[in-house]
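Read through the structures below before going on.
Look at the two complexes coming up: subunit A is in both, with subunit B in one and subunit C in the other.
Take a look at the complex of A and B:
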């Protein structure tokens, strides 16, 4: 199979994730969409590694996973702190500051 | 004999261990070391002794790292810069210049964070960040006199990431540095003692938008890797020189990496987080973010465009010119309508991001050196201005609404005078560092053939001067309000931070030449 197809899939997943970030209202779901974007990036890295015949892309995918895990720790703690004080995780309700 | 062959065969199977130049990486290693030590202090040192221990570790470590930077300068002067850690880190003039700046800004920021005389309940940070605002648990924590000391290791991790950010010589290191720098900052933003809902909202907005932008950054890295087969900046530069037919990968990748970096510097249209986060975060953290993050991110931006994409100058310059113009105009115009000091300073920082971009777009050596100079000037002014904001207080904490500042110059002429100096420097009035910086970047841009940018820049400086001067007029030429805020006398730490800010601002305004020369010598990137 042509490896370029995996790139199209990666771009599609990235777009789905980006659209989700912009459209969804729940902070957790927004965050999951960001994770989807990172996973799409991983797919692109691995595919490019295969196309170029070197391992850089595969190694970078591991780095991405570790960074994404660290981001989850920080992100969920912030979202939970917000949820405890407001009883909601909707990003529309975080509107005390405007302009 | 046969065993010798066997050994050789074994050796061939193994991956050779990379050689790491620990000495060249020492500033970063020291800062990460004290960050880890800070975590251990948090775990093992008794509560009473923690604050002092943290301060000694953090300040001593940053001073040591600054010494390490100074020790590296002669070597870089001789060699013109070297690539360390198997191509991951470039130790050259811009790296050392920015690392030295960042460490000084870090020291001043930690002094501001450690201030404990302003807030009756303790410092600027929530006693227990996990307790919900207004809950019984929070009241208990406050009554027990708990103090947040985790801010010091968090700030050190962030600073370590910032030191690595302008030094990163491949896009993977750049990405890791970006995250190491950002993740602690997301948390620090949510730790304010007063107005905790605003603070948490700031953390949420910063985190979600920051994660979104770093995903764009990473996808851009993937595309550039796909284009060139490597993430090293110099190899990408070589690949752009060849006749590849996959220009779409290169151009989209370039744009997406630029999105991630421009988000960090707060350039329009990726600026929307800046005012909210600057307003909501605890003020010492705002000062740290506004100064140090911007220095680090502009360093990375410079290296990315100057080292990886010099051959693509005619493709990225129009894009960045557009961004710079919009950034200057939006920052200056929206700042006029602001009624909150911190938000006004946030929009002013956006406008300044535009001015700094002007220097970067010059894409010549003067562009790099003027940008470096501007970053030093801007960093100290910003930290000083936010330090003054922490002093003007009323019963509800900091009085950040601009109307509350009316007549401040009559009540406390010294504090208002100092703030006026910082505002004049922001506005770029001669004899302040702001003027020297603006002059340098506009001159570089004019020489680099970006005359249109200079015109927009000067016009925007004039617009910006209006709202800076308006605050000065408000402070000095209106009647003080009877229920107005008071200026609290800080401890020696904040005083030292503000004094340093004023000194740098005035000295760089009157005798900028030594630092300009230093920036000139430091402006050569190693390839």
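Take a look at the complex of A and C:
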């Protein structure tokens, strides 16, 4: 097996995640799909690190994880705040600022 | 510098370009790639958000194994601890807060958005895969000192040594705390900001002062509605689940006995017909048994329904007739005894 197959898998996972963000309405599921995309890029970073034979890619993936953890905390509390005021977790119903 | 040059030279001598992985890794890849992809598709297409979360967790575990297979042992462990451990649990926690049974609305706010999304997704996927297929990736350097496809020299110095010795954690620590120290320090600011932001967003300011227990009880007496505590859920200890309402004297259910949240979600389980029938059957068989023993159950009936001598008298005169009557109108004679039970329960609690 060519190790480049990891890159194809990362591309597929990223695509599935992107399609999920576009398709789903539940804010939490949309958020999970964003996490899926982040994970796919991490896989690509790790594969590139192996391709170049150094650890820089792994460090970037590590920082991606840190940022993703911070992002999850803030994003989920935003979802909770919206749910509290509007009684819904659907992305369609948060349209107060719609033009 | 001479040391690093030696290191490079040694690396080049040992250089082993990686064009094919080992068979074991290939087998692992094909199995886990299928699982990961199925998990990703499940995340998108599962109807319930909890199922989506579990599918995503399985994908993340697969990715952790991929990291380890590619030499990123530390990242593999971190992936499991941080993603499947912390992040997914946070997701499930919020799901429970928001309501597990919330399902996507099927109404399309933008017309044709779904079709367009699928088309864009497919196009994007084809674009990505074609891009990778067209890129001249060359052979992989791997961590055994090969040269990368860009022609850049293998890392030298301490980093090169650590990579050559396959010491992943030390190698990562070495470059995080030297080359990436600034990014690492910035990360701390990010984490503190995120924690503060989460607290600010999730905090709810109390608009009115909290009512004391005394004020609450006084208000209840003043309103004079449901003065006594609300009835407890469960029927005759046959069902003690919280979603099963208590029975009222007439055999109907008491909505008040079920938690407000469950009522709002429409998750009240009505089993009122079942116990009423069952109790009627029990009493019937009891009467038959008493008759067989030769006792006429006068005293018991009068004691139970002392307020209504007409009803209490009926079984005295002709017990058979009363027994025949029962199945037709499950509510009337035995419903009253049910009422006695439910009523006493309500007044007690």
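By our rule, the second predicted complex is superposed on the first by the 98 of 99 C-alpha atoms of A that agree within 3 Å, B and C clash if a C-alpha of one lies under 4 Å from a C-alpha of the other, contacts with A are read in each partner's own complex, and residues count from 1 in each chain.
What we mean here is this: a residue touches a chain if its C-beta (ideal position, glycine included) is under 8 Å from a C-beta of that chain, and two chains touch if they have at least 3 such contacts.
As the structure is a prediction and not an experimental result, all values here were calculated from the model.
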{"item": "Touching partner for A:56 - first (subunit B), second (subunit C), both, neither", "value": "both"}
{"item": "Touched partner set for A:92, first subunit B, second subunit C, both or neither", "value": "second"}
{"item": "Subunit B versus subunit C as contact partner of A:31, first or second or both or neither", "value": "both"}
{"item": "Touched partner set for A:7, first subunit B, second subunit C, both or neither", "value": "both"}
{"item": "Contacts of A:77 with subunit B and subunit C, given as first, second, both or neither", "value": "both"}
{"item": "Of subunit C and subunit B, partner touching more subunit A residues", "value": "C"}
{"item": "Doubly contacted residues of subunit A, that is, touched by subunit B and again by subunit C", "value": "7, 14, 17-18, 31, 47, 51-52, 54, 56, 63, 67, 70-71, 74, 77-79, 81, 84"}
{"item": "Contact set on subunit C toward subunit A in their complex", "value": "18-21, 25-26, 29-30, 33, 36-37, 40-41, 43-44, 49, 52-53, 56, 59-60, 63, 66-67, 70-72, 74-75, 78-79, 82-83, 86-87, 90-91, 94-95, 97-99, 102-105, 107, 109, 113-114, 116-118, 120-121, 124-125, 128-129, 132, 137, 140-150, 152, 154-155, 159, 163, 168, 171-172, 175-176, 179-180, 183, 187, 190-191, 193-195, 197-198, 201-202, 204"}
{"item": "Residues of subunit B defined as touching subunit A within the complex", "value": "129-130, 132-134, 172, 175-176, 179, 183, 186-187, 190, 196-198, 200-205, 207-208, 211-212, 215-216, 218-219, 221-223, 225-226, 229-231, 275-276, 279-280, 334, 337"}
{"item": "Subunit A residues within the subunit B interface of the complex", "value": "7, 10, 14, 17-18, 21, 27, 30-31, 34, 37-38, 40-41, 44-45, 47-48, 51-52, 54, 56-57, 60, 63-64, 67, 70-71, 74-75, 77-79, 81-82, 84-86, 91, 94, 96-97, 99"}
{"item": "Touch list for subunit A against partner subunit C, complex", "value": "1-9, 11-20, 22-26, 28-29, 31-33, 35-36, 39, 42-43, 46-47, 49-56, 58-59, 61-63, 65-74, 76-81, 83-84, 88-90, 92"}
